[in-house]
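Per-chain numbering from 1; labels A, B and C assigned in written order.
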Amino acid sequence: MELLIQLLNGIQYGLLLFLLASGLTLIFGILGVLNLAHGSFYMVGAYLAFWLTERTGSLWVAIPLGLAIVFLLGLLLERGLFSRLYHRDHLHQVLLTFGLILIFEELRSVLLGDDVHGVPVPALLSQSIPLTETLSYPIYRLFISGVCLAIAAGMYAVIQKTKIGMMIRAGSTNREMVQSLGINIGLLYTLVFAVGVTLAGLAGMIAAPVSSVFPGMGNQIIIICFVVAIIGGIGSIKGALVAALMIGIADTVGVVLLPEFSGVAVYLLMAVVLLWRPQGLFKVA
Amino acid sequence: MKTPVILIAGSIGIALLPLTGSVFYMQLLSKIMVLAIFAMSLDLLVGYGGLVSLGHAAFFGVGAYAIALLSPKYEPASFWLTFPLALAIAAALALVIGLLVVRATGVYFIMVTLAFAQMLYYLFHDTKLGGGSDGLFLYARPELKLAGAKLLNLEAPVHFYYLVFALMLGVFFLLRTILASPFGHALSAVRVNEQRMRSLGFPALWYKLAAFVLAGGLAGLAGYLSACQFGFVNPEILSWHYSAGVLMMLILGGMGRLYGAVVGAFAFVLLQEVLASDRLFGPLAKHWQLPMGVFIVLIVLLAPSGLTGLAQLAKQPRAAVDG
Amino acid sequence: MAEPVLKAARVTKHFRGLTAVDNVTLDLAVGELHAVIGPNGAGKSTLVNVLSGDLAPTSGSIQLNGREVARSSADERSRLGIGRSYQRTNVFAPFTVLENCRLAAQSRSPHPLNWWRRAVSYRSVTAAAEQALAAVGLESRAGTIAGTLSHGEQRQLDLAMCLATDPRVLLLDEPLGGTGPQEAARMVRLLDQLRRKHAILLVEHDMDAVFALAQVLTVMVNGAVLACGKPEEIRLSAEVQRAYLGGLENDV
């Protein structure tokens, strides 16, 4: 039964990773930009959840406000900075986004300090479902999983079934052709970028009550995101989901079974996958 | 590859600095020269091999931890024994990781090198292998003995300084020789057009692996010296922040020009010293990473071929072919 | 005719949903120039890629001097004696013309991995490179940066690099593409000379050159071989004319 709880935690962690990694893989797959600072948006989301909940008294109010702020931030950054990176090689993208990480971290330090904060779980979701006589599972964690699954389904629907999704898929393979069809690819890219980082912000916001809000949280999780993208295959949302779940479960269960090596387990998994399939599990054509 | 005047002048300056007697500057320059070795090793990999590694600090860290772990607790270890051993360990690790990552290209390569470096970071951070997150102390620097007599006393700043200087020059000339050799020419060509090299009969992967191992070994050399200098190692020197920092030195100085790595190391550390100086900036100094981050963004946007690239442009108005 | 040096049998290449090369069989022998023609999209370049190793075949056999190489990598095949030139410029743009060829020649040197001697000190390697450049007529441009060459000169360089690896088999993908009449004539003379010591596969759209040079002609349409035989027979074949709609008389 305890294993069931760990399994549920693992799935929840995996789905959260998916939310993050999907934004990363979307931005890379379609815009061709490797954004090291993706984790910073996760951090921004978490800190906004803390700060706005303190100001407004309710996480439910904080979330839409925070998402709007992150979306706006994404729009501004894309227009001002990232649009200059589309034709640059990956080294430059890596370094520039690394510089951004430093800027984000220090700005946060200047504006909100370096303390660790908690965010209270909203009253509506603070109950737990009883599993046995002594053990129960927090509803909020199920909520997190639910939100992530809903987003996953939504993304699938948009990308596969709508006109915008078709433009996105086309734009990733043939930018000039899409442009010549009269579609404003600049606007499309701006939207994709803003949505991608907003997904990261959302992840940060809903995760805040369970993972707490602390400096460096973005940097910690970005690497795991990369591992998810590597294992799943960069550009593949399906791959991101499978890989994220694999990692989420392996990591969470691993902490219980082999606490000292839990950090390493994820990378060993990555090494094994790479030996077998150098381009990830789901190669995007 | 012609050596510019500034390098010759700089080398003379470095050689003469200890005459000023300032221990502070000797230690600062020792630190910079060690990082210059680190940066040069990365230039081989990135600037000439085209292999953008975000995990190079792993080998630096392994070299540092090697000497810390190989040294007896309070006595000096033998330099002749530990120096080649630490290099061999770093190179061996580079071989193992290289075999796994060298088939990856482009973004994948960046990400897997990053991930493997993080694995090593967690290995040292979470386990008792290297003292965990607290790190390890190196209480006595290795001794350089010949036939029972001490050749150099590495505890003395001047001796250590000249050892580092000699090694930096040695690495520079070694790499210059290698890059001018058939192997070096082939490696550069693999960076420019790997597919064509294959169709000409070169097993491109082995060249990349060789570069990876050599770069890893040299990074380990730098780590060894760094551990000796500071007497302390901790997992942070394996972190990707550290890897990104040395990449930054490369781009600041100018990649693919070997001496650009040296220039970059100097510029980066000096900039850091200035920005973090509370004499200049008072209480704001502790947020030095903010102006540093802005500076990095500006360099990448405006001067991606670095200081040496700008210098070249200034000399010849005709645009130089560079990366 | 001499024993074939390269034997390709039932070579097929599938991509997702597309069969680019369909059951192609052909032989290459020293002293023979075997031309492959066909409309755009017929799979000619893909065939060259599969024979050279830049692409792996889905099925089929490729034998070089009796040795099966279908599963060998491009660099292995090159070392065994297969050389190719590319349709789209594929040189080392930032290096000089001489360095481009020197690298090609270096691959055959007994010391390609040497790391302590200066590369340019290997006289024999540089000499082989200069020879290759002279063969294609680029010796006067040895010091020029390859990226600044004209299109026609880059095709010449591409061929020179291929020659500098001293191959037995030459797979040439449209070496005359974009060259002017003088350069084209020179190239034709060169290819005729090379034919004597090499087995050549020539993919070309320039029909004058094809008919001047080829001993054997293969026509490909939609990835498959439509006809194969002596050039004059092919020219008169009703089937081929139908497929081309008179295109054999004009440059495609």
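In this section, a contact is a pair of C-beta atoms (placed from the backbone, for glycine too) under 8 Å apart; a residue touches a chain by one contact, two chains touch by 3 or more.
Values in this document were obtained by computation on a predicted structure and should not be read as measured data.
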Review point. Looking at which chains touch, is this a line, ring, star, complete or other?
Key: line
Exercise for review: Name the chain with the Cα centroid closest to the overall protein Cα centroid.
Suggested key: B
Study note, to complete from the structure: So the chain most remote from chain C by C-alpha centre is A
Point to revise | CA centroid of chain A to CA centroid of chain C, Å | key: 49
Study note, to complete from the structure: The distance between the C-alpha centres of chain B and chain C, rounded to whole Å, is 44
**Study point:** Centroid spacing, where centroids are CA-atom means, of chain A and chain B in whole angstrom
**Key:** 32
Check your understanding: Given the complex with chain B, which residues does chain A contribute to the contact?
Key -> 28, 34, 81, 84, 88-92, 94-96, 98-103, 105-107, 109-110, 219, 223, 226-227, 229-230, 234, 260-264, 267-268, 270-271, 274-275, 278-280
Exercise for review: Mind listing the chain C positions that touch chain B in their complex?
Suggested key: 52-54, 73-75, 78-79, 84, 86, 90-95, 99, 102-104, 106-109, 111-120, 122, 125, 145, 147, 161, 165
Point to revise | chain B - residues contacting chain A, complex | key: 46, 52, 54, 100-101, 103-104, 106-108, 110-112, 114-116, 118-119, 122-123, 125-127, 240-241, 244, 247-248, 251, 287, 289-290, 292-297, 300-301, 304, 323
Check your understanding: Mind pulling up the chain B residues that touch chain C in the complex?
Key -> 177-178, 180-186, 189, 192-193, 195-204, 321
